[in-house]
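As written, the chain order gives the labels A, B, C and D, with residue 1 at the start of each chain.
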Amino acid sequence: MKLFEYRGKELFKKYGLEVPNGKLVSTEKDFSGLNFPLVLKAQVPIGGRGKAGGIKSTENKKDAISKLSQIIGMDIRGYKVGKVLAEEKADIKNELYLSISLDRTKKMPLIMASASGGMDIESVPDEKIIKEWINPLIGIQPFNIRNVVSKLKLGKEESKETSKTLTKIYKLFRDYDCELVEINPLIITSNGGVMALDSKVIINDDAMYRHTDIIPEHVELTPLEKDAKEKGITFIQLDGDIGVIANGAGLTMATLDALTYYKGQGGVFLDLGGTDDPEKVKQAFELMKKAKPRVIFLNLFGGITKCDTVATGVKAVITKEGINCPVITRIKGMNEEAAKEILKDAGLITATTLQDAAQRSSELVGGK
Amino acid sequence: MKLFEYRGKELFKKYGLEVPNGKLVSTEKDFSGLNFPLVLKAQVPIGGRGKAGGIKSTENKKDAISKLSQIIGMDIRGYKVGKVLAEEKADIKNELYLSISLDRTKKMPLIMASASGGMDIESVPDEKIIKEWINPLIGIQPFNIRNVVSKLKLGKEESKETSKTLTKIYKLFRDYDCELVEINPLIITSNGGVMALDSKVIINDDAMYRHTDIIPEHVELTPLEKDAKEKGITFIQLDGDIGVIANGAGLTMATLDALTYYKGQGGVFLDLGGTDDPEKVKQAFELMKKAKPRVIFLNLFGGITKCDTVATGVKAVITKEGINCPVITRIKGMNEEAAKEILKDAGLITATTLQDAAQRSSELVGGK
Amino acid sequence: MSIFVDEKNKVLVQGATGHQGVFHIAEMLGFGTKVVAGVTPGKAGQEVHKVPIFDNVQEGVDETGADTSLILVPARFAKDAVFETLDAGVKTVVVITENIPFHDAMEFVHYAKYKDAILIGPNCPGIASPGKTKIGILPGSIFKQGNVGVASRSGTLTYEIVNSLTEKGIGQSTCVGLGGDPIIGTTFIDSLKEFEKDKDTKAIVLVGEIGGTAEEDAAEFITEHINKPVFAFIAGRTAPPGKRMGHAGAIIARGKGTAASKIKAFEKAEVKLAKFPTDIADLVEQHI
Amino acid sequence: MSIFVDEKNKVLVQGATGHQGVFHIAEMLGFGTKVVAGVTPGKAGQEVHKVPIFDNVQEGVDETGADTSLILVPARFAKDAVFETLDAGVKTVVVITENIPFHDAMEFVHYAKYKDAILIGPNCPGIASPGKTKIGILPGSIFKQGNVGVASRSGTLTYEIVNSLTEKGIGQSTCVGLGGDPIIGTTFIDSLKEFEKDKDTKAIVLVGEIGGTAEEDAAEFITEHINKPVFAFIAGRTAPPGKRMGHAGAIIARGKGTAASKIKAFEKAEVKLAKFPTDIADLVEQHI
């Protein structure tokens, strides 16, 4: 779960990190207790809000209120701005970059730091990025901190403060099962203090159960999304008009790839996970009907359950509730021939290969 | 450092373990706030105090005061009792044994538990002792707790409470760098609670620097012991009358063994550690003179420093301050012949072999 | 021969008495797997398809000589289950469980290395060496003993590919499902090393997907160390960046992990790439 | 040949610029040891006897190819120093430092195992393979190249024994000081395994002392696995129970670790025991 900036900063404060004095603002009176100049920052769960006009400086209250009204409700790459954080402008001597993420190859946390803070880390040349890996069996050690901080070439006091900060951030990263903690910029103030001007914190969704103090940002689910979530079916909305039902992430992706090859495009897609349970297939069909695609493409590999059992389930939904668009089915695995007969019987188009099925689906929506 | 029982119990309380209501008592008014019957327990850093009369039950204040006066000042295997802990008698349903120690062979903490609490663990047959090793890279895990507690065959609630207790004790063991935490008995009370009736906690001396909250029990050092401590020389008082100076633990022990072989007996012994630094040898001689042994036996292996350099140092002390008992010297290593000449010159008996030196020393005090 | 597992592995199932446990113990026994023990705390003395159940792993190992563990417990108990089995001396661990927190997986993956144990998964379908053993939840019916080694980050997609190989009469030496999580114990490179050494493996099939750089790393390794022919399929060529595509590990994050990058790396390593999953079987047939 | 270390080891010294570091770098260079780097944070660019000093171990390893580390830092920094050197890829670590907390030692000993590294010590004098290398603080002058392997829990006592061997013209293949702490990385058994394999070792000398059961464990191992003649000396036959005899590990605790028990175990394993340290040389001379 990606935390909004202000939530990330609440966690930072909990771990003793300095952040600018600030708060969420929505009306004039919210500015009391804050000293101008201020920075107003749109709270959205994506980067690039600065370029999109979501960050504005302001010198006085009148100007602030006017700028606040510009930011609230703004659309930033599909996210409507609902919350704005007002913060006192910091006294920046030096901007650093600091992050802790997961290195999938080494299977351990990776600290990245750079003396060039404030810019996108992907634009910093690799040799200017300090990298330090932390072994999960022993956690962060004094030498890791020394290795990172000594290469930042800071003054003595600044190094000491940055070392303390890094220790705290790592603790937060570990305690909260983070995938990412990024601070860009982490600044050195002119009195030698260290302060986090931004926060990007992503908590591993699978570990949320042990962080009940983190209240998820309210996300409006569509009725379909809600329905899918309750049934444990992965639901992803893409731009196309072919509804795809498949089992397993890899097979689902391969199905979308095949549609694209034939100039079709996946729309709603439902991944049943690694199952071919007839009950789950039935539920997916019911969901898909509500999504009203132009074609439904069912691509299943019958692993444990026999294909004819699955087909019987599908037939039951179709027969009982009717369907108002063409359905292309392809079921592979044990008893697939019997399955085909059943599906044909239910008026569904049955294909043998993924290619065949993908091509037919694409043609039905005007692909090649 | 071995903690007195009441100190160990203070740590237990800090970690949320139940202990009987109690306090240190020395006068009548100290009994206020305690409910009879009570148990009075001599606070000494060794076991076996029960058999020695250091633990007494008492039903009323008059009796308590009389028994307290019997215990205070009592000599328990060389330890004069200065402190007495008075505790309310616990309601015992069941007595368990529980300890965490270091397994030197496996190089990890070892939990030992037994359903036969209250008795000396060495008298419990091995197959009745539950053993569970904790890997230091991952610390205690839920399965370790399950493994120990399920084998104790307790009731459901009791198991739950014992599991919590074990988790807390392990945390204490690790946090405080313990060599041993032993609770014997750990009792189950009739309402299903778990309570530590005794405590034996040993903290690793080398880790004491990180546990500044632990105030060492005041131990009266003799002037010699104090002197040796300040100079970083290991000082051990044994029963014999031959003063031994040697370098290194192994060599020192081998020297004592050799004396015993010739029916001599080591008295004060000074281990310089793995050094042959002439300055340290000089200090040891000064110390040894104060201990007034009947013979001094200097057994050095000259490793890094040349033997003649060491001998010159020894000669300087002897010549300057005189010595009032025979000194047998044996120095091996580089330039040992030159060293012998110097020592002979200073009026010291020089021996070539350990056997020769040990035999001569023993003879001087009436050994064989 | 085969890699990682063969007919000698004696399997203990953790989470044996649950729905999945009972079902897959039967499936594995049917495949010929030596399932010797199950573990569910508090259920010692019970049996599942005549396989004895123990209270803890150590007892299961001591009583039956189990050397391999199949983990089917829920995500929040998985780390404990893996630690328990490694401490009991088990040397091969297959973790089926999905949705395990990454930090838990990091810890047990490194602990397995400390114990010199093979750990496959998590979030994987398991491993099968046809004719010898199957440890996991892969459908047994799709396999045929033979000379193609398969390593895959996907589940059902692998079943498709294996099934199409079998339909063409091309058998498999070992098929290992590596798992769809970002942190997994056994990687393409680990599998490639073993397949290269395995005398009965004549060709290698890799099934990759978007996310991470496992395919790029594998491509580099193939160039330097692999002499056997390698075939590959990459899923997710049309997946949009930033969306988690079903698997926790299948995500294009910060510009990294695209199918294009993986395909390019494999082409450079002269790995033969299939456009559609089932094309793999045709490619293999043409080349061996 | 020799065990654990030979002339190829490239040594990095942690704590190189302190009094002990400067002294022993010179001593080691004089013995022929390849000392290639030193590490003291903040002192990069300096030299000690022409050995370059680095700020951290990784830089030292990257610049010089060091594969071995000698730890001379104070006790409270020792754990960090060992972790640092292991993470930098160093495969042989010799820890001289004494008074390291046991819990620290337990962690780094197991971490060394995870890294497949050899760790000798802590609280040890180091290791010497005469004619090849010396890594530690043992006096170089006492050694002579030859065929007797020595493993010891003691420091100066070992010097005595080695010196008496050398005086009799009996050289040593490798002499390893295991360390006087209760928790040590390399044990008698580890050394016995290597000595048994080493073609240039014809006889083995073990120097034990009271405390723990390392000698008893070794005796059992000798009976089962060692064919070369083994000689031993045990210090502390007259040590009183409960007193720590100089070494942290040399203590008879709760009735365990007595010299009598060790002597009995060695006798059962047909190990030849010496009454006095220097008798070892006579025994070896008689038997080989």
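The rule we apply is simple: contacts are C-beta pairs under 8 Å (C-beta built on N, C-alpha and C of every residue); 3 or more make two chains touch, one makes a residue touch a chain.
From a predicted model like this one, the values you see are computed outputs, not experimental measurements.
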| item | value |
| --- | --- |
| Contact distance in steps, from chain B to chain C | 1 |
| Chain located farthest away, centre of chain C as origin (C-alpha) | B |
| Chain centre separation (chain A, chain C; CA means) in Å | 26 |
| Chain A and chain D: spacing of chain centres that average the CA atoms, whole Å | 53 |
| Euclidean distance of C-alpha centroids - chain C vs chain D, Å | 43 |
| Interface hub residues of chain A, defined as touching at least two other chains | 135, 137-138 |
| Of all residues in chain C, the ones touching two or more other chains | 107, 110-111, 114 |
| Chain contact topology (line, ring, star, complete or other) | complete |
| Chain C to chain D touching residues, read off their complex | 110, 113-114 |
| Residue ranges of chain A in contact with chain C within the complex | 102, 104-105, 107-109, 122, 135-137, 174, 177, 179, 204, 206-207, 209-210, 234, 236, 238, 246-254, 256-261, 266, 271, 273-274, 301-304, 332-334, 353-355 |
| Footprint of chain A on chain C - complex, ascending | 23, 27, 75-76, 99-104, 106-107, 109-111, 114, 125, 137-139, 141-142, 152-160, 163, 180, 182-183, 207, 209-210, 212-214, 217, 233, 235-240, 243, 245-250, 254-255, 275-278 |
| Residue ranges of chain B in contact with chain C within the complex | 133, 135, 137-138, 141-143, 146-147, 150 |
| Complex interface listing, chain D residues touching chain A | 41-42, 55-58, 77, 79-81, 83-84, 87, 107, 111, 114 |
